[in-house]
Amino acid sequence: MRIATLKTSYAGDEALFDTKLQRSLLALFGLVLAVFPFVAGPYWLFMACLVAINVASATGLNILTGYTGLVSLGQAAFMGVGAYTVAILELRVGTPFPVNLLAAGATTALVGAVVGLPSLRVKGLYLAIATIGASVILHFVFANWSLTGEARGLSMPPARLFGNDLDQPFELYWVIVPITAAMILGAANLFRTRIGRAFIAIRDRDISAEVLGIPLLRYKLTSFAISSFYAGVAGGLWAYFFRVVTPESFPLINSIFYLAAIIVGGMGTILGGILGAAFMTMVPEVLKLVVGWFSPYFPDALAALAPIRTIVFGALIVGFLIFEPQGLAEIWARVRRFFHLWPFKT
Amino acid sequence: MSECWTRRGLIGLAAATSFALVQGAQAQAQDDIVLGASVPITGVFAFAGVGIHAGIQDYLKIVNDAGGVKGRKIKYVAEDTAYKVDASVAAFNKITSQEKVSLYYGDSTGFSKTINPELERRGTILMAGASFASELNDPKKYPFQFMSGPDYTEMFGILMRYIAKEKPGARIAFVYSDTEFGRDPIEPGTKLAKELGLNVVERIVTPPTSVDVSTEVLKLRRANPDYTIFHGYVLAPIPEFITQAKQMNLRSQFMGTFWSMDNSMVQRMGEAADGFMGVMPYRYYYEKDANAPMLDKIRQMRPEYQSNAYMQGFVTAMLMVEAVKRTLEAGKELNGTNLKASLNTIKDYDTGGIFGVPISIPGNSVPVGRIYRFDAKAKQMVPASDWIRL
Amino acid sequence: MTDWLFLAEVCLAGIGAGALYALTGVAFVLIYKATRVVNLAIGEILMLGGYAFLGFAAGWGLPAWAALPLAVLCGGLFGAVVERTLIRPMLGESPISVFMVTVGLGSMLVGAVELGWGADPLRLPEFVPNRPVFIGEAYLAPKVAYGFVAASLVIAAFVLAFRFSRSGVALRATAGDQGAAYSVGIDVPRVFSLAWTAACATAAGAGVLVGSIGGISPTMGVFGLSVLVVVIVGGLDSIMGALVGGLLVGLIEALAGAFLGGEYKLLATFGLLILILMLRPYGLFGTHEIERL
Amino acid sequence: MTSELPGSPVLKVEGVSLAFGGVRALSKVSLEAAEGTITAIIGPNGAGKTSLFNAISGFYRPAEGRILFEGRDISRLRPPARAKLGLARTFQNIALFRGMTVLDNIKLGRHAHLRTNVLDALFYWGRAQREELALRQEIEERIIDFLEIQHIRRAPVGALPYGLQKRVELARALAMRPKILMLDEPVAGMNREETEDMARFILDVKEEWGVTILMVEHDMGMVMDISDHVIVLNFGQVIAQGRPAEVQRDPAVVSAYLGSGDVGELSRRLHARQAA
């Protein structure tokens, strides 16, 4: 249990992780992440990379939707922009992959800011629907532009580092996980400063935010741009991971997936984006496992897997919204509170 | 583009992760030969995937029950992909990292193209799949792949050869879906039509999940073709197209390519099915008059109707196993180059009557097929031409 | 000359399809007006109607005249249950949360239908007379024509009921001001329930019409996406808007399909959406909600 | 009706008119807030006081007239730009951000004066870190101590009682480095004790911080106690202004409250003060 914390400086009080316990837990987690690739099989490495990519994208969406209150159903399409940027740069220019990833982020940020323009005039659901419109238009571009390979899409070579091809999950893990970790840290930092506070102010009460000297449009667009930057980098990582980008890689349902991830995880908390994305990525796998157990007894169980996945996906969204709108992060917080007071109060 | 709302197979990401769906035999002997597969058990192409999956399994069972190939069993390891390229790639990565794979079945054109560099890099695998894309029919660019039938352009060729014989100089129209699958044979098909002296009067593209095709039918009527070839669909919106066109007194003959030729699917077209024609490289499950011992065997194993996808999976496995057999018999190592070379030695090979004629595989495809026509009374597709070899 | 005929036919086809958009749009608006919920599951409820019809007609072998009302009834019942179990508990939550609940609901419906009927596209039994319809020289697909007539009748009935029936007045009052409606003795929860029931019944009916034209499949909920555009263009809370928006979207899709190609259909629709959002954010006929400090 | 103003005007409103769809909310309102003073705006409900505040903050664009801040015409500036110049305000119905802690709410006030950009923020190096720490220190030592809210600095705002929320809102306005502080009913709904605390803080802000204050308030007792200058608004027009004592005697003011229901309350207060 924790009795109290005493700090002797403002810097100490402003730190992201302000207790010893938190810091040691974090160090432990970092250690686990570093050891993981050496003990896990290819399947778990594959899943870890996928979770990390989804966490990066969900964290981006959380900045926009969870923290700034602007609902977007365009996250998957934005990832597509990032993925195509990386693929095109790899195929046509041949720049090294860190440059490509940054370029993917930058391009997507620009596209995101443009898509955010309607937020000047509309908000709430209207904005969400405008982002659906933007995704449809982006999909059309992906499927019909010669540069993006039209319906065929693009296949690209693996990322190269010091002359090695990074084409196995084990190698990519060392790229994807650290980048995701850095992006999470960046998001956490963002909300220690005036930029992040301005986003929250806009979400909570946009009109009084203006009186505090926060220009709404500029910050809404900034939020769109940052969130899209995250999506773009995540899309770039995705492209290096799968090495093929097609118009069908980023359907609207994926945007809904990311929104669902932050709802399930907890909107407006960094932890929420992480937990939600990891949870939602793993649920279908667990389902598959469960269905696998049943398949010896019900030969048709496999065929039912897809519908069951679809139902569970919907049920998770509905269930969390009705019963635990603060998401997994809140459940986690409750657990923590319990242990802070334990054993004096249960 | 409306793919973007596909809820099924949900989760590109999660589908991307489709794993551990189907594991073959649990215990593995050291010298098992592994056939890996990315199959769409779920998703928009599940209809085909389920059939393919069963077909491959059945053929391998026949082979393994008979003692395998030179004493070695063939192990089947498949993963569900929900017909998503990324999921197929993931499945490939997973299976190849856990097994020593010599044969692989891929589920889509996108996957076949995507995985090709990896196949070349490994050089250990012979691959075939559900795609009959024209582009894949190039042994130079796709040295380790083949398709167990004619490619889409060849299918168009078979159809148009038939048309040119029936009605020289006929006006034809292409109706295709706005997908990679749909777009594949349109350009080369148009060129081929010109060579055969046929007149392509209209090319109509429909969104993949289009519900209402009224305007497209109007376009078709204005073009007034003698023959209309559908490509890139399994069922919808073909029936509605035909029904409306017939109501408008359009006297066009409607035709389809392999994936819209399954008998159960055509039956679902209802009245529109009557007279529907198309190209098919295999015999149908129910063809009893033919000299086809393998069909008898299939009917024994599965008393109920099996789709053309089943036949495709079955015969693909057969050709793969044949390539393995010839490689092993020649005492060569099982790798991509040798497997493909063995495959290409197949000449006048009898598939037990699944292909209607003995086949040869000089390149990446098996360019034979026959025109079938739906007989509403018999509720069956019945042959309308001889086997056509290109 | 033939080109003019072609244009006329394309427009007729567009208007015919537009009527189905309008009908579904009206269902959408009904729910929005009463409960301020943007119901993205409307496309899936439409799909449910199609499958219910199939179940009654093909499964139970009922004739179409019996299966259709049963399917509509199913839709209505479903709407009432959804309102009571999923929407009521969300009262007072942010519109986005409720919106996401309907998204989740849509997903559950798709899964349920796939579980029951499989993922393959299916055809509804033919029940619409299939003698071609000609308006002047212009051909109109009979299903589209009858769909248009049915949609127009239902919409007309709605408009009349809205104006003159007691429930209609109650609904309009609730739409205007929930608190005030409460205080004059209107049973607001009943109005909510009624709106969902009527709207989902309408959507289910529309589903039978749509399914009779293009067949049914678990993915036919895509239709709902175009309906979303319809109501945004018309204004979320305007029946009139749904009508005009529906016809407009139908027409634009038909023209884009005929003159640009099928791949341009959705693009044209969503282009229109973005245009309207920039020029008239609250739609052609929607109420502009003034924000207070 | 004019009186001598001590000091030069920080804020000057010149002939401002405002209409909402034909309804005139303000007509040709002119007033000044002199540097280092407390100016109170009073008037019956619906007189246009909050509309005037909103026009000064920049939410409403006046149909005519202009607003001068330190001699500069700010009529065309958007609200954030005005905030940056030093125009701070609080709201009648508290506009705190309920999802944030007290500390973060106060920090928000300094927004316009910080330089941290997105890149700084993501990395939290150099400037971002320096700025945040300096800000924290200043808020702790100058504002939180001053307003005596140390004990609640980590509390989420939503959980605080009303009186404390008003104090936090004042703290946030102070963090804006205001030159003029506009308080919209700072003691509305407060009990006697809370009102006295708030009045003391307002006076201290004027005296210790040298901030000019413009305030809308219904509590006549407090208005008369602490204001240097009182402006009376009715039906969107200035009907009287001057020192508190002058305004109290003005017959136009008394009649303005007639029929508004406030008249009894007003005259009782006025007389109570005169007797004192």
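In order of appearance the chains are A, B, C and D, and numbering begins at 1 in each one.
Basically, contacts are C-beta pairs under 8 Å (C-beta built on N, C-alpha and C of every residue); 3 or more make two chains touch, one makes a residue touch a chain.
Worth saying up front: this structure is predicted, and the values here are computed from it rather than measured.
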{"item": "Chain B and chain A - chains in contact with each", "value": "C"}
{"item": "Relative to chain A, chain with the most remote C-alpha centre", "value": "D"}
{"item": "Per-chain CA centroid nearest to the all-protein CA mean", "value": "A"}
{"item": "Centre-of-Cα separation between chain C and chain B, whole angstrom", "value": "38"}
{"item": "Cα-centroid distance, chain B relative to chain D, in whole angstrom", "value": "76"}
{"item": "Centroid distance [mean C-alpha coordinates] between chain C and chain A, Å", "value": "33"}
{"item": "Rounded Å distance between chain C and chain D, as computed from the means of their C-alpha atoms", "value": "51"}
{"item": "Residues of chain A whose C-beta touches two or more other chains", "value": "136, 140, 143, 207, 306, 309-310, 313"}
{"item": "Chain C: positions in contact with at least two other chains", "value": "106-107, 110, 114, 119, 225, 263, 266-267, 293"}
{"item": "Multi-chain contact sites of chain D, meaning residues that touch two or more partners", "value": "59, 91"}
{"item": "Parts of chain C lying in touch with chain B, wherever the complex brings them together", "value": "2, 6, 9-10, 13-14, 16-17, 20, 106-107, 110, 114, 119-123, 126, 130-132, 139, 141-142, 144, 210, 213-215, 217-223, 225, 253-254, 257-258, 261-263, 265-267"}
{"item": "Residue ranges of chain C in contact with chain A within the complex", "value": "38, 86, 89-90, 93, 95-97, 99-101, 103-115, 119, 225, 228-229, 232, 263, 266-267, 269-271, 273-274, 277-278, 281-282, 291, 293"}
{"item": "Of all residues in chain B, those that touch chain A in their complex", "value": "1, 3-22, 41-43, 46, 50, 80, 82, 84-86, 89-90, 93-94, 97-98, 109-110, 113-114, 116-118, 178-180, 183"}
{"item": "Sites on chain A touched by chain D in the complex", "value": "10-11, 13-14, 186-187, 189-190, 192-198, 200-201, 203-205, 207-208, 210-216, 222, 226, 268"}
{"item": "In the complex with chain A, residue positions of chain D that touch it", "value": "57-59, 78-81, 83-84, 88-89, 91, 95, 97-100, 104, 107-114, 116-118, 120-124, 128, 131-133, 136-137, 140, 172, 176"}
